[in-house]
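The two complexes that follow have chain A in common; it is paired with chain B in the first and with chain C in the second.
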Partner chain A sequence: MAAILDHQEVGPRRPFLQRALDRLAPSKLMVPGFLLAWSLLVIVPLVVIVLFSFLQVRQFRVVYEPTLATWLSLIDSGRWMAVVRTLRIAITLTILEFLLAFPFALWLAKGCRSKTFKAAVITLLTIPFFLDAASRIIVWRSILGTNGAINTALVWLGVVDQPVEWLLYSEFAVHFGLLGTHFPTMVFPIFMSIALIDDDFIQASSDLGGSPAQTLFNVIVPLALPGIVAGVVFTLVPLMAAFVEPQLLGGGFVDLLGNSVNSALQQLKYPTAAALSTLVILLLGICLAALILVARRRTDIAAMFVAMRR
Partner chain B sequence: MSSSTTFADAAPAPRHAPPILEIVNAVHAYDGVVALDNVSVSAAPGEFLTILGESGSGKTTLLRLISGLEKPYRVGTLKLEGVDVREVPAFQRNCTTVFQNYALFPHMSVGANVEYGLKVRGLPPKEREARAREALRLVQLQEMYDRKVHQLSGGQRQRVALARALVPRPAILLLDEPLGALDEKLRVDMQVELMQLHKQLGMTFIYITHSQEEALTMSDRIILMRKGKIEQAGPPAEIFDSPISSFAAKFMGVDNCFEGELDALADGWASVSVGGRRIDGRWTGKAAPKLGSKVAVGMRAEWLQLADTSPEPSTGHNVLDCVAEASIYKGKYLDRTVKTPLGPLKARIWDAASSARNPSFVRWKKGDCIVMNA
Partner chain C sequence: MSTAAMETYSERTAAPPRARRRLGTSRHWTTLAKFAGGFAIVMIYIPLVWLAVMSFTANPLSGVPYPLTLQNYATLFADTRWRPPLNTSLLMSAGVALVCMVLSTLVGRALTRMPRPGASLLLVLMPLFVPGLTMGAALFIFLRTMLNLTLGLWSIFLAQLVWALPFCILLVLVVASRFDLRLLDAAEDLGASPWRRFWDIEMPILRPGILGSGIFGFLLSFNELPRSLFVRGIETTMPIYNWAMAASQQSQVPIIFSLTTILLAVTLPVMGAFFWVLFVKLDKN
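The block that comes next holds the complex of A and B.
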């Protein structure tokens, strides 16, 4: 007994929280715990959604009877057109965002020398997160509309006789609205991964005779690949589910999956919403798998993280 | 030992060919801090030139100026192989760098790293691989072609970096403290290997280091830099034997340095009074100062002799009385500190058994005593 008491008094007593955290540190407890919480919070609802798409609702009550009726109605009602349209717009916009964001991120990470200016730009990029999407997007109506600022200016300058119709309530308007919203999510991961590239690698490339373009494609792009993949994922995924911009700027002409899900929910057609969501998940899965395959053919991302840590 | 006056500012080029590198009056500053202050350097083809200096002396800036990674604020002439390269970007200059931290591309294999310089020049893959394997054989890493960079040890990375810089066959190879991160034993081995490589390839090497031992071992010529200026330039033996200033002397490992007043200076011999004593020595300084002005006196620990009894007076020696102080055993030799009227002196004794146990006199040849600018 005395020995035990002595033993306890040897070290200084650490605070309770620290001891509790120390006990958590071994991966024996933390990793399975995390996996369990993750699957309960994320995976289970997903499975429920998939299962729900095989049920039906009659007189506002769910009938627990497996049926393909919902899926068949998706094809009959032409809602699958929305799927194709969503995929097309999401992929077009992801490519556009990448083409705009990569040079910008490269400049921000390596070209911009003033720290104050860099901080200011990063802050500016977070502004889209300040406001609710709807209140941010609705402003564009008064700019792009037939009586909006742009058309007024164009008519006044005599560039056009009639207000340009396709500026609002069109696919152009939807693309335009989505472009601004999803720019930061593409820029940030790419900016981070380029900022992490040691300047020595870039200098070594040019020292060995690599022109700026060769340095870009042989050194910077491969080393920024983890950030590019992350940027594409963070941009493509929300684009597949976007519904505010298509609703407000599409004016009902541009029906995307997100809108379909939304309207199905409002009509209390839960199985339809579930089936559409399942489709979104499926399509995303295919897109991401393709992305990973392409990226893996270029370089081994896992090995690169090991290498970058040195 | 050169007893004649060596007012050497720059040594004559070892080979009589037009210089492969020529820099005249380079000036550069970072955020208002002067890194290079009117530095002029030239290198002969095939020369092993070492730029020696402390950190912050401007030696790396000088190297980056040559490679083109830094654009000088102002430069009179900057020629590589006789061609003005002041406006030529780094990737079009015919010189490559071995970086201090190697800067091997982490996403490429060893082979791809070594081939990089050929790939960007548009050589076909077969020839690239053959030349890369050849270069890897040169640095004794022929089996490492397919390895990943992060699987290599520090010494191996160093060799890969060397092979990568050699493969494009540059006119000048620039080495930026390439052995700095290696341990002692490896460093000595690599020094020998670099020298052999230099002999074998006949390429011009410009080598940056802060270690006087590395500089002395490898170079044909050393440029000692201090605060963005060239303090002294010349072959290793000359800098070692005849440093022109107390800074150069201390950097080249002269253990005992004192300040005194110049009493006489004639025919390359100087007399100095230090702490009331008269010390005679060789004048190795640059411009001869006025009599009575401050000069520095230096002697290496290994040239001092300790004695129990007063040695016979001789015209060729400086003699001082002393009191023994600390004694540090270093294995191969013994470092003894003695107190003299000048101040503490360090003497290095190689034959510990036969040395004086309780020395009361210290003497050294006047030829082994150097007098230079303070």
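The block that comes next holds the complex of A and C.
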């Protein structure tokens, strides 16, 4: 018996290359090895950037001496205004996106009967992930500008005498540009979590006399909560660091955290850039903690795959 | 249960069967939901349509699509400055796609074999939770300022890999998690070598996921801006070129319009077809 097993394991004289390939097959070191390299590439830079905000650069050399100078100058120079503005715009847009996305996701998951239509909408919402940001956003200039499409139409129709100035290079324009870009990240998680909800639960709720509103708030929202939290995180996180839209559509009036990081790096103020990025990471950490707290109670990651398979 | 509730309940059950009031089918809300989604989708696609229209006009940044001209395209083909960035991007994306295909296969199938993949998966997906700009700044400070390395194509490659790989691994995981591992045991019992088990049994099932991760990797890398912008050294990719031209208010803007229109004309049908097949197929399975 042992002899047969031996024979099977060694194999009857397979070529050297094949035997070498056999040894490469699922190795237990694969995942730990990859995760180590991955941490070096992802986690270490993030830790470094937090530590770096407590250092200073003198004559192009990093001085390894802990100091709060960067953080204090951040408060003195009024850069914290950018933080407040970023938070305000990011939260406003996240709420807007949620208001647009939740009813749509609910309808797409439970109301829409045509599978073709559903696939078409999902396709349309996936494509924007793969489009170049700068060229998409700059087009808004020719739509919103003082001699842009909207103003030309308004003046020609006689609605206004003078072109409307606040359409471009204002917070309005920045909101406008951000709205389209960040919609899919809100829809997808909510759509998936709602699609996961068993139709029977919803049926049971209405059979027991629940009004649509009661079904919505007592059945659907609690069950879709992980998706809602994920949608909020995936929308809020990139919004916190948006820099293309404010730069191209804000015309220098809308300085957000992302632009501050960008300009700080260009001015070689590395600790300042590090401190501003740390703020972003800090806010991200809070969001993630909330996500994990909520998600752990409700579901696990395995459920995400079930959702994807549908 | 209170008496009042009992009464309501019995009243409702006694009532003749009315039209099912289902969520998502009540009229006003449905209209509102469709309108909200339609509005957002229009907001995404208006710039693309307008971009294509304006690329045929004399002054793309004016709002009037008149007079129509092919001048921008003529200028584009006479100009050579956009070609090196495009070549860099194409090569870079092909490289990222290739590495993504290999790594996502190796890691994706290994993850599905782990008893508790939760924490590892979270680490793999970590870059999805970090804004691109923050990741770019972090990589720059780590590689350039801390380690004193000379940045260039290699650092752009790493930065794009950090962005693209999580998506690719997710895609392979979706396919791999549907794979019944007992098939491999069966093949082993029948005497198949590990390599044959992988190539003849696992590979045909994983192939759509691997192919998809190649396409995802290519597209994500081809359009990546915030990370590569910081770690580029002196190199320029297509999105960086577009960004520099758009942000500096140069006369190059008309060229970006026609160039992006050509790129969209090539990539949009490919993407549309790919995602269509992906979602329709996933739906059928």
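Assume the second predicted complex is superposed on the first by the 243 of 310 C-alpha atoms of A that agree within 3 Å, B and C clash if a C-alpha of one lies under 4 Å from a C-alpha of the other, contacts with A are read in each partner's own complex, and residues count from 1 in each chain.
Please note the rule applied: contacts are C-beta pairs under 8 Å (C-beta built on N, C-alpha and C of every residue); 3 or more make two chains touch, one makes a residue touch a chain.
Model, not experiment: these values are computed from the prediction.
In the superposition on chain A, contact of A:Leu35 is made with chain C only, not with chain B. When the two structures are aligned on the shared chain, A:Leu157 is found in touch with neither chain B nor chain C. In the superposition on chain A, A:Phe104 makes contact with chain C only, not with chain B. Residue contacts after overlaying the shared chain place A:Asp198 against chain B, while chain C stays out of touching range.
Considering which of chain B and chain C touches more of chain A, the answer is C. By the document's definition of touching, of the two partners only chain B reaches A:Asn218; chain C does not. Of the two partner chains placed by superposition, only chain C is touched by A:Arg141; chain B is not.
With both structures placed on the common chain, the touch criterion links A:Gly209 to chain B and to chain C. Contact with neither chain B nor chain C is seen for A:Leu293 once the two complexes are overlaid on the shared chain.
Comparing the two complexes, residues 203, 206, 208-209, 211-212, 215, 308 of chain A contact chain B in one case and chain C in the other. Contacts from chain A toward chain B in the complex involve residues 198, 200-201, 203-212, 214-215, 218-219, 222-223, 299, 303-304, 306-308, 310. On the side of chain C, the complex with chain A involves touching residues 8-9, 12, 20-26, 29-30, 32-34, 36-37, 39-41, 43-48, 50-51, 54, 60-64, 103, 106-107, 109-111, 113-114, 117-118, 120-124, 126-135, 137-143, 145-146, 158, 161-162, 173-174, 177-178, 191, 193-195, 197-198, 219-220, 222-223, 225-226, 230, 238-239, 242-243, 245-247, 253, 256-257, 259-260, 263-264, 267-268, 271-272, 275-276, 279-280, 282-283, 285.
Those residues of chain A that touch chain C in the complex are listed here as 8, 11, 14, 18, 21-22, 24-26, 30-31, 34-35, 38-39, 41-46, 48-49, 52, 57, 62, 97, 99-101, 103-104, 106-112, 115-116, 118-143, 145, 147-152, 176, 179-181, 183-184, 187, 202-203, 206, 208-209, 211-212, 215-216, 220, 233-234, 237-238, 240-241, 243-244, 247-248, 258, 261-262, 265, 270, 273-274, 277, 280-281, 284, 287-288, 300-301, 305, 308-309. Residues of chain B touching chain A in their complex: 67-69, 89-92, 96-97, 99, 101, 103-107, 116-117, 119-121, 148-150, 164-165, 168.
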